[in-house]
Amino acid sequence: MAEPLLQLAEVHTHIGPYHILHGVDFVVPAGGLTMLLGRNGAGKTTTLRTIMGLWQASSGSIRFDGRDITKAATPDIARSGIAYVPEAMGIFTDLTVRENIVLAARSGPVDRSRLDWILGLFPALKRFWNLPAGNLSGGQKQMLAIARAIAEPRRLLLIDEPTKGLAPVMVRSMIEAFKALKASGETILLVEQNFYAASALGDNVVVMDDGRIVHAGAMSDLVADADLQQRLLGLSLDAHQ
Amino acid sequence: MSDMTADTAVELPRARTDWLPLLLVPALALLALPFVGSPSTWVTLTVAGLAMGMMIFLMASGLTLVFGLMDIINFGHGVFISLGAYATLLVLGPLAGWATADSVGLNLALLLLCILVAMAVTGVVGAVFERVIVRPVYGSHLKQILVTMGGLIVAEQLIHAIWGASPIPIPLPQSLRGAFVFGDIVMERYRVVAVAIGLLVFIAMQLLLNRTRLGLLIRAGVENPEMVEALGYRIRRLFVSVFVAGSALAGLGGVMWAFYRQTLTAGMGMEVMVLVFIVIIIGGLGSVGGCFVGSILVALVANYVGFIEPKLALISNILVMALVLIWRPQGLFPVARR
Amino acid sequence: MIPSTTATPALETRGLTVRFGGHVAVNDVSCRFTPGTLTAIVGPNGAGKTTYFNLISGQLRATSGQVVVAGEDITRLPASARTRRGLGRAFQLTNLFPQLTALENVRLAVQSRADAGWSMFRVWNARRDLIDKAESVLERVRLADKRHVAPKALSHGDQRKLEVALLIAMEPKVFMFDEPTAGMSVDEVPTVLELIHDIKERGDATVLLVEHKMDVVRSLSDRIIVLHNGTLVADGEPAAVIASPVVQEAYLGVEAARG
Amino acid sequence: QDIKIALIAGKTGPLEAYAKQTEAGFMMGLEYLTKGTMAVNGRKISVIVKDDQLKADLAKTLLEQAYNDDNVDLAVGTTSSAAALAMLPVAEENGKVLIVEPAVADAITGEKWNRFIFRTARNSTQDAYGAAAAVPASGDVSIATLAQDYAFGKDGVAALKNALAQIRPNAKVVFEEYAPQNATDFTASAQRIFDALKDKPGKKIINIIWAGQHPLPKIADLKPERFGIEIAPGGNILPAMQIYKNYPGMEGAVYYYYAFPKNAMNDWLVTEHQKRFNAPPDFFTAGGFAAASAAVTAIQKAGGTDPEKLIAAMEGMTFETPKGPMTFRKEDHQALQDMYHFKVKADGKDANDLLDLVGVIPADKMPIPVRNKR
Amino acid sequence: MSTSPASVLALPFDETRPRGGFLNAILSSDLPRSKVLSAILLAILLLLAATPFLFSGSQPLGTAAKICVFVVLVASYDLLLGYSGIVSFAHTMFFGIGGYGIAIALERLGPTWGSAAIGLVAALALSATLAVAIGLLSLRVRAIFFSMITLAVASAAAVLASQLSDVTGGEDGLSFQLPPALRPAFRLLSEPLFGTAVNGRLLAYYLVFFVSLAVFLVLLRIVNSPFGRVLQAIRENEFRAEALGYRVVAYRTAASVISALAATIAGALMALWLRYNGPDTTLSFSIMIDILLMVVIGGMGTLYGAVIGAALFVLAQSYLQVLMAAGSSALAGLPLLPNLVHPDRWLLWLGALFVISVYAFPGGIVGRLRQAGQ
């Protein structure tokens, strides 16, 4: 089997004095959509931030596309072809929608047909093209965050909870968008609480709890296996009570 | 290069330009005419005010970049003005003859050389200043005030140590002295040069900030540096260059100011800082256009008020600021919220 | 439609409208909310739900129209005064005191409720009652073990819970939840739903809930109102509203929602 | 036992240059007067230099310390008038002599004076009389003043008007212009002054009374000569006067210029200063020197440092200075002294070769009023 | 989750549990929470209380009095800055109002306790009015604009003080007499106590000391009250505080007023101690910067920081030049170095101190000590 696009091996992350990730191990194969699931506080966001270099892994290694990026600086990681949608969306509230997208398109003006496609997915962005992004509604901000990540083709998209705050109809168009991106050969690593959206999309699934990977496998297996679902997602529930 | 709205298939709404503040300047000038009375005096005052505005703009433009866009309060900005002024000595020393030469060419070349050297010096010192003084305190205004204030004191003392504490007179190149006289109207020659340089800098900055994504990047970087990095931009490097550019602009302003005052003192930069702060606040933090209009406004008002009712000249700046802020609480051209 | 009760409603908006330049974000919305009921507000993204909340709780000033609480017109009052008249609000995008501990976050809400903010010559921790109450609220949202953690170090889901805790601690007459469960994991959602359910069961509180999860809406609400482009387009029994064509098309997409 | 003298000056801050001159002049003065022995009446002189940073409260505290903790016999200071004024009561409380140098405020030997205060520096009124004396004694003269808009400027103008009334009744102040203290653009002020002066008959002069950065070149660049208007700048320290070079022919009055006084003391000062500092002595160097001379002469005359004896000796005492003899007037202890009427040179040899002497204005030609209450 | 923040953050003690005890009551339950810090604070308190008996001479006493005044001034500023997150540059204005209140009253109405009281009350009333006006008018705008507005207001106040020279003494300031009981000549006990004369100066010192202590303890109580907690909440997220039902503008204005009143008292004490007040003493921008530095060195958001910051800074300011003089003569032989530590270059080191202390103590000295204590 070819080398996976992204590979985490024994990654530990500390934030200040706190040990948050306790040896995270998983791979994201090229071309598919991998779901990262887990209850609140499991360490999903921390994992994505560690990949992006926004937290430094204290040990372990992260390889992307055959390169070791464990110690690389965030801009270099981004330039190697990774786009990131943070949990808090990271919208530049003072800039307009247009300016937010201009910045996301690092290599120059956005390709026209791609822009048409994006604005077709999220018509609200077109409508508020010159509005400061801080004035958008919660869901519209979420759309802008995703639009920014897909403004130019990238090798890998890291997306933290894209469906939160989106109306059902928008969740649908987002699922369509991810499908289209997948078809064009982009790889996606998605953190999601909405298991149903997740199951509709995922090729592979990774489940985290308490800073560790507790399950990894094909999404179809998890969907088919109610017991496993209960154990992974219910298990954490029991443990918490 | 960034204007992708050009001819996309989707019709995108266009941003509107705000002309109102620009009209303020001619409106003010016209309003002052009846009060001043004599048209020739009015022209003299207006032209002098415009030129003074340009000089203020040159000194303030660097700060509006650094303070307005990068959100760094650099109280040390004044010392870069002083430093730029003192840097002229590096040129004036060996090339003193060019100043007294009876050739416009040589005189202007001298000025240009002074500017280049001063910008180089202040740029380099700015890089060091950023590295040593400012970098550790990004994000905390208060510490910035203290640290840059400390830097200011140290730098001022170093100027004293290097060039001595006494004021140093410097010669204005021969052909830039005196004034053009048309009937009862006088226009100081040096002010004409200042207008030319001010306009040039203004246009260059406008192009750089509006035609490239530089301005956007800086503003985005201030709000959320992590995200800008995650988009693949090396924000640190950018910030350093902006700081250096801001310092070099202060140096340029310092040279112009030095030749205007014809005397160097270590505190000369600090003395104009309140004015500079007022100007960039009137303009709207981070807006180069606003800084430009604000500078001219302040200088014009100072001249008119100084002529019509000198008692008020003492507070004319603060008055202008208060009025502008009542009209537009974020300044003339608020960059943040359009 | 919900039959209007004879008693004065806990909250009423009359022709509430707000304009941003040419864009009308909330357009002439008139609606009454009765104590003891839970009304869900649904609508597409950008429909004006949050803006509607902002107008009611005072974060925004209405262009026209009135907000009436228990018979009193509060349209001109600032947000803090409205809160003191019993309007409580949790925010869609988490909005907390990032450096203060979770407990202090909640305690501040309790302190506001107890109207103790102006006491200057007493030491704060002498008010043991406020602290106890804050702790019990944290207990209820299952954040007790994180009471000394500041929100900036909490995971997103925990921050959402704290947001809910603040609202509960204020004990308002009108509760306004703006997507309380967004980003909350599957196992945490029931806790919050239970809390909301309890509030409703008490009978004297009025609950407004913005939520995109239709199963939540269905199970909790007595009534649903639908906003679309700032206009109130539907109002009534949950089942009927959900089945209405406008909801099916504009909100859920052409096909019926899952389950 | 040593004679202890405290020298307080604003050695750090914007007037650092002034304080440096005072200190250098004071030390050179002691050296010259003691012929290098640094001893008077067989007692060694030790000088304690203190920096008041131009702050009045600090000056006051430092003087208290000097009298109490350091036990100095007399004190000399200071650069800023505000600081000097704050020091006056301390001298009285401690019953010790204070020689004020180089602060100029009239009040020091006026309403705020007490019997322990002597001043070697000139006061503002003396400046004003000097400026008045530089005005032609006959024919119509119309004067416009340009001064800073605060107490110092207003007093200066009032003093000038007084002095003119006393010694130049032919000259009138026809217009007073006040600009903000830190003004840098003088176009408006100049226009107002031009408008006021241009149609006046006779000689037309703008008299500038200014502390700090001088507005002279700004006014001169606007070509007052178009209207036959002349500018009379005051005196200043050399670096500030170097700008005058560009405007030869201007006339005014100055307190000290190294080439003007002709006496042995000044000759020594100029040569030695040139040798040691590679520059001629300046305004405040002469002042410091004069203060040293006053102190040494007084101690010699009193035969010791007892304050009462010192006061008795100093009242009416005449002592030599680089500016020639000065006399402490009995009534208010102000040193009466000559001033110099100058004209800016057309072409000086070097940067500091600036002024030609038009004439000495002798002390007795300036009837300085006594303003203190005894 | 053995390593989650919740469990690691096991606090050394639970601050939500009030504890009994006199000390706890006096200190409003806000104990220093570090042994070293407690020791330093106690040492400062004892030294200040006993200065007149421990050291002789006027300098130590002057320094101690200045420390007391600045503790109050800095603590009052910390209430604004550290607790409420308001960056104001107008704090010296209130300091100045206090100083001028006393100075003008004692100068005009004569040196009695009655006039001092009138001056203080008038100053407090003026300060409160101004603080309310500034607060209501401008606390709504963005923080940075507020700062700039206060900067303008402060400079306007300085201009005003200079322009109203008939009342304020202009740039020269006002020197005045104290009520007889506070004058050096007054003797409370005929015999010295522990070798120190119990005179009016001593009484004046203890007046300053005890008033400062009392104001400090009141401020400490206020910041630890429910009110103080609201201020902190507003600092963190004013939008949310408003939504929780706290009227932000009212709270901020109240904080400004309290802080202004305390600063006014500090100004009054300063004037009483110096028997002088002038623009440089209480109004100048450099004092504002000193205050900022003291707050930051000591530690923002903790009043103990004000004590440490003020003590350290005033000591450094008073003795830096002395120390440097010693250093410079010790290094006399070496090249360059003696120049850099020459007392006239003390500002250079003060500047360096600004930079270094901000780096060395990011959370202030108190923050550092508390961290080390855990």
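As written, the chain order gives the labels A, B, C, D and E, with residue 1 at the start of each chain.
Quick note on the criterion: a residue touches a chain if its C-beta (ideal position, glycine included) is under 8 Å from a C-beta of that chain, and two chains touch if they have at least 3 such contacts.
By chain, UniProt protein names: A, C = ABC transporter ATP-binding protein; B, E = Branched-chain amino acid ABC transporter permease.
Owing to the predicted nature of the structure, the values given are computational and were not obtained by experimental measurement.
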Task: Third chains touching both chain D and chain C - done: E
Task: Of B-E and C-E, pair with higher C-beta contact tally - done: C-E
- [ ] Give the label of the chain whose average Cα location is farthest from that of chain A.
- [x] D
- [ ] Farthest from chain B by Cα centre, which chain is it? Let me know.
- [x] C
Open item on the list: Roughly how far is chain B from chain D, centre to centre by C-alpha average, rounded to an integer in Å?
Closed with: 38
Open item on the list: Counting only Cα atoms for the centres, state how far chain D is from chain E in Å.
Closed with: 38
- [ ] Averaging only over C-alpha atoms, locate the centres of chain A and chain C and give their separation in whole Å.
- [x] 29
Open item on the list: At least two partner chains per residue is the criterion; list those residues in chain B.
Closed with: 314
Task: Residues of chain C touching at least two other chains - done: 153
TODO: Return the residues of chain E touching two or more other chains; collapse runs of consecutive numbers into ranges.
DONE: 4-5, 163, 347
Task: Touch list for chain B against partner chain A, complex - done: 1-6, 8-10, 12-15, 213, 216-217, 219-220, 223-224, 226-235, 335-338
- [ ] Mind listing the chain B positions that touch chain E in their complex?
- [x] 73, 132-133, 136-137, 141-143, 145-147, 149-158, 161, 274, 277-278, 281, 285, 314-315, 318, 321-322, 325, 329-330
Open item on the list: Residue numbers of chain E touching chain B in their complex, please.
Closed with: 81, 87, 141-142, 144-145, 148-149, 151-152, 155-156, 159, 163, 289, 292-293, 296, 300, 339-340, 345, 347-348, 350-355, 358-359
Open item on the list: Give the list of chain D residues in touch with chain B in this complex.
Closed with: 14, 16-17, 20, 149, 177-180, 182-185, 187-189, 191-192, 195, 213-214, 217, 221-223, 226, 237, 239-240, 242-243, 246, 351
Open item on the list: Under the stated contact criterion, what part of chain E meets chain C in this complex?
Closed with: 4-7, 9, 11, 15-18, 28-29, 221-222, 224-230, 232-233, 236-237, 239-248, 251
